[in-house]
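In what follows, subunit A forms one complex with subunit B and a second complex with subunit C.
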Partner chain A sequence: MAELRLDCLGEACPVPLLKTQKKMEGMKVGDILVVEIDHSCAMKNVPEWARKEGHNVEIEEVDDGQWEIYIEKTK
Partner chain B sequence: MALKNNVYYKKFLKEPWSYTAGAVVLAALNIGMFASTGKPWGVTSPFATWAAKIYQSMGGHPETWAYFKSAANAEALKNSIWLDLHSVSDIGIIFGALLATLLASQFKIKKIKSVRQVIAAILGGLLMGYGARIAFGCNIGALFSGVASMSLHGWVYMIFIFLGAWAGSKLLVKYFM
Partner chain C sequence: MEKKHEYYDVVIIGGGAAGLTSAIYCGRARLKTLLIEKSLLGGLATYTNEIANYPGFPDGITGLDLMKLFEKQAKNFGVDIKLTDVKSVQLRGEDKTVETFRVIYHAKSVILASGGKPRLTKAKNEENFLYDKGISFCATCDAAYYTDKTVMVIGSGDAAIEEGMFLTKFAKKVIVSVIHDVGIMDANKIAQEQALKNPKMQFLWNTVVDSFEGEERLNKVILKNVKTNELIDVTVDGCFLFIGYEPNTEILKEQIKLTKQGYIITNEKMETNIEGVFAAGDVRDKFLKQVSTAVGDGAIAGVGAEKYIAESELFQNEIMQKEKIGLIYLWSAIDEKCRNLLVHVEKVEKEFKDEIKVNKIDVYKNAGLAARLNMQLDVPAIVYTKNGNIIKVLNDISYENICRDLKIINE
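Let's turn to the complex of A and B:
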């Protein structure tokens, strides 16, 4: 049950999504990935992709225009 | 109750709209623009005009170039940008985007992550700008307004922009990630 962080601050689409997809591949079921983003379009496409894959997703706005997306790998 | 917790504030100003809502608003605005001015929406032509005006102010003569010999481009270059529909709408987009991000309380100056990111941005910008000029439009002027005008060129553009995006994303993954 590891918690990993992925720093995507300053990165524009589609880089955060591609990095998240790559990182999730190497994770075990139950692991949590925290993706740090400050690009509002990544706030839409990263959670959308993760939910479609069936993972548990939560978004937290940690600062003005900055978010952390929590993704729990479920399969 | 604080404004930031208000359900309507969240729905309309804070959270992203659905793709469907965005599409409907864009379509309505494009119809409105076409109905009131006789021109459909476009974005990239003014960039060439603005750059040519800057070049003129430095003593250059872009008006002798083939591109600025065409009637529409020659007129845009001669007139003030405030008389050009698409220049004004571009400025509106920039200020509208600023207003939207301020209203959502999401304004942020982003840090530049690496030299590689700068190179990718400059290369991407040059390719998009060059492509948009030789294709006589971008994904708005050539694709969105083209398809909406029942013109075949919009559909041809769509096929090739998919191929370009596919090739571009391969390059992005290979060299810039």
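Let's turn to the complex of A and C:
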């Protein structure tokens, strides 16, 4: 099971969400995508979308105002 | 994927006003504290535009700004914060666990401050349009999307009316569906007056949602007049539900005692039915749900967790020690007989100080500690232990009787 990273630093909504959706398409079940963001709006819509899709989500604040969203593809 | 194990003194579930306050108290007590929040910190308060009755802010403050201050204060005290969903909990016993999708967190004490989620109308097709498909719960979050569009608000409480007015800053029209008769709303009077004067707001009285309609996105809400049963088609671009909250206690119900509605039952010390597990804020069965009461709950739960952990350590390391024969004197300082017998106990303590370890528990001051002995005991009483196990209870206390007992235990 692979762990992939997606750099969305400096990118405003909805770019991180669109990139995440695209990247997830090509992933296998069980793979984990780590999305790096620093726009707080992406902290809302990316996890919201991923949870609604049924994936597992965890957000970690790696620095002040910078986050990593862990998404495990479940289906 | 193998889950990681991490160890904390306290794990707090929920990052609203109650959880953050508990975190502040636990952090300040130098406990290793983790707070887990499933979406964004701040909880329900961040959905309120203006908080005018939280003491200390005479000019008012937005819910978002107030919660940012809570968060900063918790972080100042070294609290770890994780933004993720709790998948399951195991709350019984000393080693309690809280599991997320990547980690199993072990805690000595757990504080449940998971609040609630918006209640749904249960009307037809509702689940097809939730969140980004047209049914929303947060005007602050989604208002801008509805610039120059028509939206509906369901409900007439403070949140419905205040958020409805906020929406008029963006939307061209805000239609409010109210279940009550003409002119009756649940919101505070000031909000009601302002709303009725607002030219962009329109009210549909005596109505509830019958169904939600649309293709990909919601474009129509069909209301039903509760008096005439007449169906009313209303074309909208979005709909906001403000009809109350339901507690987030789904994962707790096998372990924690809940009310019929699903709220956690606690006593005034925020203790639940499980030792070392506390609840605070909107998730509790309580009279008033406000930031100010959540803060009070959070403080009590935080201090409760600290005391529970300190007591556990004292109990294990001192009272149930294994080095010597243990003599635990359960007494009450306000009882004369207990005070008189203290002399006997202290005489024994002096004489046998190499062989026995004496602990005195004032059951009035340390009820929790006494309860851990797992016995219904009338004071005064003496409990003997050997190798950390209780072996005998003495009620007829005297110097002679203690000496006799110690002799027997020593053999």
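As a working rule, the second predicted complex is superposed on the first by the 75 of 75 C-alpha atoms of A that agree within 3 Å, B and C clash if a C-alpha of one lies under 4 Å from a C-alpha of the other, contacts with A are read in each partner's own complex, and residues count from 1 in each chain.
We adopt the following convention: a residue touches a chain if its C-beta (ideal position, glycine included) is under 8 Å from a C-beta of that chain, and two chains touch if they have at least 3 such contacts.
If you're wondering where the values come from, they're calculated on a predicted model, not measured in any experiment.
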item: Touched partner set for A:L4, first subunit B, second subunit C, both or neither; value: neither
item: Contacts of A:I59 with subunit B and subunit C, given as first, second, both or neither; value: second
item: Partner chain in contact with A:V15 - subunit B first, subunit C second, else both or neither; value: first
item: Which of subunit B and subunit C A:R51 touches, first, second, both or neither; value: second
item: Which of subunit B and subunit C A:M43 touches, first, second, both or neither; value: both
item: Subunit B versus subunit C as contact partner of A:E72, first or second or both or neither; value: second
item: Subunit B and subunit C footprints on subunit A, overlapping residues; value: 43-44
item: Touching residues on subunit A, where the partner in the complex is subunit B; value: 9-11, 14-15, 18-19, 38-41, 43-44, 63-66
item: Touch list for subunit C against partner subunit A, complex; value: 1, 39-40, 81-85, 100-102, 131-132, 141
item: Complex contact set, residues of subunit A against subunit C; value: 1, 30, 32, 43-45, 47-49, 51-52, 56-61, 67, 70, 72
item: Sites on subunit B touched by subunit A in the complex; value: 16, 101, 105-108, 110-113, 117, 169, 172-173, 176-177
